[in-house]
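Two complexes are shown next, each including chain A; its partner changes from chain B in the first to chain C in the second.
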Partner chain A sequence: MNWTLLDTWMLATGIFSALSCALLGNFLFVRRLSLMGDAISHAVLPGLAAAFLITGSRDSGPMLMGAVIAGVLTAVLTQGIAHAGKVEESTSMGIVFTTLFAVGLLLIVRAADRVDLDPSCVLYGSLELTPLDTIRIGGMTLPRAFLVNTSVFAVNAAIVWLLFKEFMIGAFDPMLAVTQGFRPRWMHQLLMALVALTAVACFETVGSILVVAMLIVPAATARLLSSRLPAMLGLSLAIAAGSAILGHLGALTIPRLFGFEDTTTSGMMAVAAGAMFFLALIFAPGSGVLAHARNQLSLRRRIENEDALAALYRRGEGMELATAELPSPRLLHRLERRGFAAESAGVWQLTPRGKEEAESVIHAHVLWERFLVDHANMRVDHAHQSSERLEHVTTPEMREVLAETVEKPVTPPSDGSILPPR
Partner chain B sequence: MTAQRQSRGSPSFGLLVALVGVLAFIALTVCAESATPALWRIFSLRDYNTRVVMGGTGLLGVACGVIGTFMVLRKKALLGDAISHATLPGIAIAFWVMVAAGGTGKYLPGLLLGAAVSGVLGMGAILLVRHHTRLPEDAILGIVLSIFFGAGVAILGVIQKMSTASAAGLETFIYGKTASMLGEDGRRIAWAAGVLIAISVLLFKEFRALCFDAGFARAQGWPIRTLDAVMMGMVVTATVIGLQAVGLILVIALLIIPPSAARFWTEDLGILVWLAAGLGALSGVVGSGVSAAFPELPAGGVIVLVASSVFVVSLLFGRARGLVFRAVTHLWLEVRITRQNALRSLFEVSERHSAGEPVTEKALREVRYWRGMQLHRALRRLEREDRVCRVLGGWRLTPDGHEEAQRMVRNHRLWELYLIHHAAVAPSHVDRDADLIEHVLGHEMVVELEKLLDATVAEPAVPESPHPIAAPVEEGGT
Partner chain C sequence: MMLPWKMSGQPAGPEHSPYAPVSIHDVTVAYHRKPVLWDVDLDLPEGKLVGVIGPNGAGKSTLIKAILGLVPTASGEVKFYGGTLRKHRALVGYVPQRESVDWDFPVSALDVVAMGLYRRIGWFRRIRRTHYEEATKALARVGMDSLALRQISQLSGGQQQRVFLARALAQDAQIYFMDEPLVGVDAATERVIIALLRELRNAGRTVVVVHHDLQSVAEYFDHVIMLNTRVVAAGPTAEVFTQDNLLKTYGGRLTLLDEAAHAVARTGQR
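Then we have the complex of A and B:
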């Protein structure tokens, strides 16, 4: 890999477009409008084409205008058709953006004799070419795309910073926003306009596919890692920047491993974002696949332990237990390791600590049985089944409430035994 | 029952209007380009090539219309979007593999196989993420869509720099190139469409339950997840066969737009499916025909625009839900309600007067708010129907009008009494509630009310109003 100045500029441009998109993506995500980013990024095509056909030049100003108008039009038409035709909103979004995209394709073809407005350029972007198009500002030669993307990010960041409270309330509780006088509908249109502006600014450099990926994936990944919006914002920005860097490195290195030339950076940036999402999906603390499996496992262990303790306790009380009801040797050894049980002369006995634990489980069991029979009108034989499950999830607070509710002295509702009635 | 029948509407009338709309579209195009001979040549199906292309896209429209109907009804319209984008890496990898195996890489069935495999992988990814997280559905679709498509773009980027083969032309899968369709492609589309339609017919009952009442389907013991997967598999199939014709971005339009358009014409799922298939076929045939006349236009775009025009026509003129139809129904309802209000107000005012004394419009305006000429128009209409007559200084009910007004006032007050005695609503509040319901009170309801209130009301008589009749302050003031 040979890193050049060009790579630095490409990477900087890519990072800033990723940041701009990811910032807005959070608000789209919480409003369940993630696909609106996809829709708008397709639908700005006719805006670009129309601006070109009208002005006849590839000036950024009119193009940006056209695209923002097309983007807001997408949002307005989507809501309008959904409302007027009683069509579901995502359906109406699909209708609007495919139609606008088709119009854009036709317009581009009509314009094609006069210009090289290549649809695939909009789709993939040409990050590779951006460092070549430079302007001089105050003695510094900077790539134009870099300036555009940083200013878009600055605009987005400023608006989100200024209107953070309004955006947040508008996203989570539009009704509250109305009563507070925030005009959530205006906020919505502002958001849509910002998305359109960002999409267009980034198209030229990174292509629509990366815009869509960066609008959706970092925010969703951040959501897996945190459930607070400010934290989500920070995380998603970090993820966006990270996937831009990893994506560019990947584009330079990964194809070489297979003996090819390097590949499209924007595509690899989307793939890098996807890899981060996948990692978060697996490893996220709390909601990740692994954490979930670990919770399940520890819950299962706890239930096994508690059942085994209760069984040993009952046998200690002189109750006859069938062989199937006795804990397995593996389980007994686990209890021994935790200091709940000990073997003496071939017989497993509860230690004092184990006895205490077992009593607490059985106490919960009896409380639940009593409660279910007396207060929930459950039949005695059914109450045992339910209590078997509930005893494992009884918190101390719950136990207190139960103890206050049921009559004293607390006795098992059946024949005095704490085993299921046979 | 009758109301239900009415609202269903006749799809034949609807189809007619839709056809007219599409013909108008063609006519406009023709005028714009004055290419009548070319169009005539195309739509008379004189060339073998044209027949293949139009037949192929038409069948594609049918297949997409059928499966799209279920997706739209299940509010999963954009699933097709995610899956169609997810086919790109498969196409690129299939090309790569075929080149590595020594071919040109342009063998279409191979590319489509790759597309199908990665479409199924995309579908699996959606199911996986949905199972393991609580992310909203739209975010999941967006994630799968953008990552798969990004991977596809990256792989295409690699391929385009390969020296061994030219990858030029793979982009046609993104935008579609209908004109390249051959006889065997047409046959493949026909086969796929046939299979999709057969599955839809066989599993119609199950799919219907899945669309409208998944809980019921589960209670029937039907394998919901399998059915869901079958449906997604059908979307993958429809998408893959649509790739060549309209491209992967616009194939979603064929899945969404015809069913949504058909939805404006009927409330019956059976009719809806066929109508969506028909509109899809129409879009495909007309679109590919028009684009054959203007070869520089991308066919996918034209097909989608034809479908969108059908949608707009349906949105406006649909017999079951169209805007015009709903506006007219609304207008008629308003006219009927105004008429009944005028009759009732006339009765209630004259009740307080001595018999035969005419009621002035001023007095009527005191008991109820009327917008502009609304009252006058309603009275004129009643006059034409011989329910009221104009007398010196005002209006008076004719015997016919008196009878009808009496019936109406009776219904109104029966409802008021019902609200007071059985729903414990304060007498000062019942007027407005009864005002809303009296226009739609059916005969059975009235009989029911009479039964409930028989102690208080004798048959023909109008019970006395349970509250003083006067103009509600906030309304009278405006």
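Then we have the complex of A and C:
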């Protein structure tokens, strides 16, 4: 790998683009409007085209202004059409942004002989070229794109810092916000204006794919790993910066491994963000796929153990067990390891601890049977089957409520089951 | 229309206002031109527990939203102590229907309760430790302080409703509007909520509650507003919660008005 000053500037510019988008993406995500980022990044086109047609130049100022107006227009029209046409907000969004995008294309075609629009530049941006376009500020020579992106991030961060609780209440409970004198609709439109501004500022450097990716993916990843908005904001920023760094390193190294030239950094950044999302999806504590599988497994183990304990208990009380009901040797050894059962002279028996556990399970079973028969109007044989499952998921709180509800003394409704002493 | 509490001359409230806490003048609300509230004209009494009852689609929630300026009114106006809502926002607390918010939102119970303080905190200001302490106290009053840091989707329906109630308490309002706070809650939560509503009433607050369970109306409310697009009756529960008024509210005769409303809506279409 050959790291140059150009790489440093490219990476710094990419990081600030990613941070800007990710920060705003959180607020789109919690309003379930993640696709609004996609919509707005298309819908700004007529704003850009109009700004170009009116001013005849590609200066940033008018371009950004045109984009912001188009962004707010998208939000206002989306809400207006959803309301007036009685359609879903997503449908209305689809109508608005495709139409505005088409209008933008028409305007650009109109001005085609005067504008140099490179489609691949819009899609992927030209992060690789950004360090070459520099301006001098106070004796320092800085890439123009770096300056634009850091300024946009500073604006976004300042506004989110100042209006954090206003954004939060507006997104969570807009009606309460209105009664408290806050303006959730203005908040929303301010957010849309910021998204449009950010999208346009980042387009030029990192392209529309990365803008949309960074508006959606870091926030979605952070939500998997956190359950409070401030933590989610922090994590999403870390993930965005991480994707930018990994993306750039990946773009420099990975293609070389296979004997290709470097690939585009912004494309690789989007891939890195996607990869992080999938890692979070799998490994997130609590909500991840792996944690879920582990919970399922431990529940299944517990059910096996408890059924085996109950079987040994019944045999200990002198009941005949069918061969199928006898716990497998593997299961018996597992019980032994937990100190619930022991083998003496070739016969497996419950230890006092195992006996206590077994009684607790059987007790829960009988409580559920009685409850289902007496209070839920279930037939006795059906109640037995349901209780077989319920006995394994009975929490102490449930047991307490059951014990309060069921008539005393508690007797099993079906013949043949054993009531342990309590 | 003669209203019992308009004649009786309510004693002045804690603010010593000569006006009713809320007076509703000829308010009509229409959705897509179909009237859902038709010429509602009444005053709310100070320091009472007021139930709003009526069949589905009678405009109960709409009445509250119209009072709070959450839906546009076709005509009429609402006064708070003789002044505008804008002037008296600090006096008004609102508990929306539980289903109106997204319970997967990444906030804790404490965060939600703290939202009741946002107005007092003010624009641009940050939430401080003292605000969280105040919110914790409000949670304790509904028996939920031990679950303060839990993400709200991890709470049961009854617990979520208690969080909403705690948020209203944190608002420390003079007039409360609550939209179906007893729907889908367990018996224990219902007892907690009713005790709180009475506590608020006994402290001189006015509490307006949209309610669906006719069985408990007489037990819970001092006043009732019986609504079916029109106000069928409004006044002290003992006087107006009668078989006759119930029939008028829930019975079939007002369907004539409903048909007419549909007809009105159709005339508006091109």
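Note that in this section the second predicted complex is superposed on the first by the 413 of 422 C-alpha atoms of A that agree within 3 Å, B and C clash if a C-alpha of one lies under 4 Å from a C-alpha of the other, contacts with A are read in each partner's own complex, and residues count from 1 in each chain.
Please note the rule applied: a residue touches a chain if its C-beta (ideal position, glycine included) is under 8 Å from a C-beta of that chain, and two chains touch if they have at least 3 such contacts.
For clarity, every value in this text was computed on a predicted model and none was experimentally measured.
*Asks:* Between chain B and chain C, positioned on chain A by superposition, is the outcome a clash or a fit?
*Replies:* Aligned on chain A, chain B and chain C clash with each other.
*Asks:* Now for A:Arg223: first (chain B), second (chain C), both, or neither, which partner does it touch?
*Replies:* both
*Asks:* Given the touch rule stated above, what does A:Leu321 touch, chain B (first), chain C (second), both, or neither?
*Replies:* Touch status of A:Leu321: no partner.
*Asks:* In the overlay, answer first, second, both or neither for which of chain B and chain C A:Leu106 touches.
*Replies:* It touches chain B, and chain C stays clear.
*Asks:* Per the overlay, which chain contacts more chain A residues, chain B or chain C?
*Replies:* Of chain B and chain C, the partner in contact with more residues of chain A is B.
*Asks:* Could you say whether A:Ile169 touches chain B, chain C, both of them, or neither, answering first, second, both or neither?
*Replies:* second
*Asks:* Of the partners chain B and chain C, which touch A:Leu299 in the superposed model: first, second, both, neither?
*Replies:* A:Leu299 contacts neither chain B nor chain C.
*Asks:* For A:Thr179 in the superposed arrangement: first (chain B), second (chain C), both or neither?
*Replies:* In the superposition, A:Thr179 touches chain C alone.
*Asks:* Answer with first, second, both or neither: which of chain B and chain C does A:Arg32 touch in the superposed model?
*Replies:* Touch status of A:Arg32: both partners.
*Asks:* Of the listed stretches 81-89, 243-251 or 423-431, mark the one in chain B with C-alpha atoms clashing against chain C.
*Replies:* Clashes occur only in 423-431.
*Asks:* Jot down the residues of chain A that show up as touching in both complexes, chain B in one and chain C in the other.
*Replies:* On chain A, the overlap between the chain B and chain C contacts is residues 32, 86, 223.
*Asks:* Can you list the residues on chain A that touch chain C in the complex?
*Replies:* Against chain C, the touching part of chain A is residues 30, 32, 86, 162-166, 168-169, 171-173, 175-182, 223, 226-229, 231-232.
*Asks:* Show which residues of chain A lie in contact with chain B when the two form their complex.
*Replies:* Where chain A meets chain B, its residues are 29, 32-35, 37-38, 42, 81, 84-88, 90-95, 98-99, 101-103, 105-106, 109, 112, 119-120, 123-124, 207, 209-210, 212-213, 215-217, 219-220, 223-224, 251, 255, 258, 260-264, 266-271, 273-274, 277, 281, 287, 289, 292.
*Asks:* If we count contacts the way the header does, which residues on chain C are in touch with chain A in the complex?
*Replies:* 32, 65, 68-70, 86, 89, 92-94, 96, 100-102, 105-108, 111-112, 115, 118-119, 121, 123-124, 126-127, 151, 167
*Asks:* Looking at the complex, which residues from chain B come into contact with chain A?
*Replies:* These residues of chain B touch chain A: 72, 75, 77-78, 81, 129, 132-136, 138-143, 145-147, 149-158, 161-162, 171, 174-175, 249-250, 252-253, 256-257, 260, 263-264, 296-298, 300-302, 304-305, 308, 311, 315, 321, 323.
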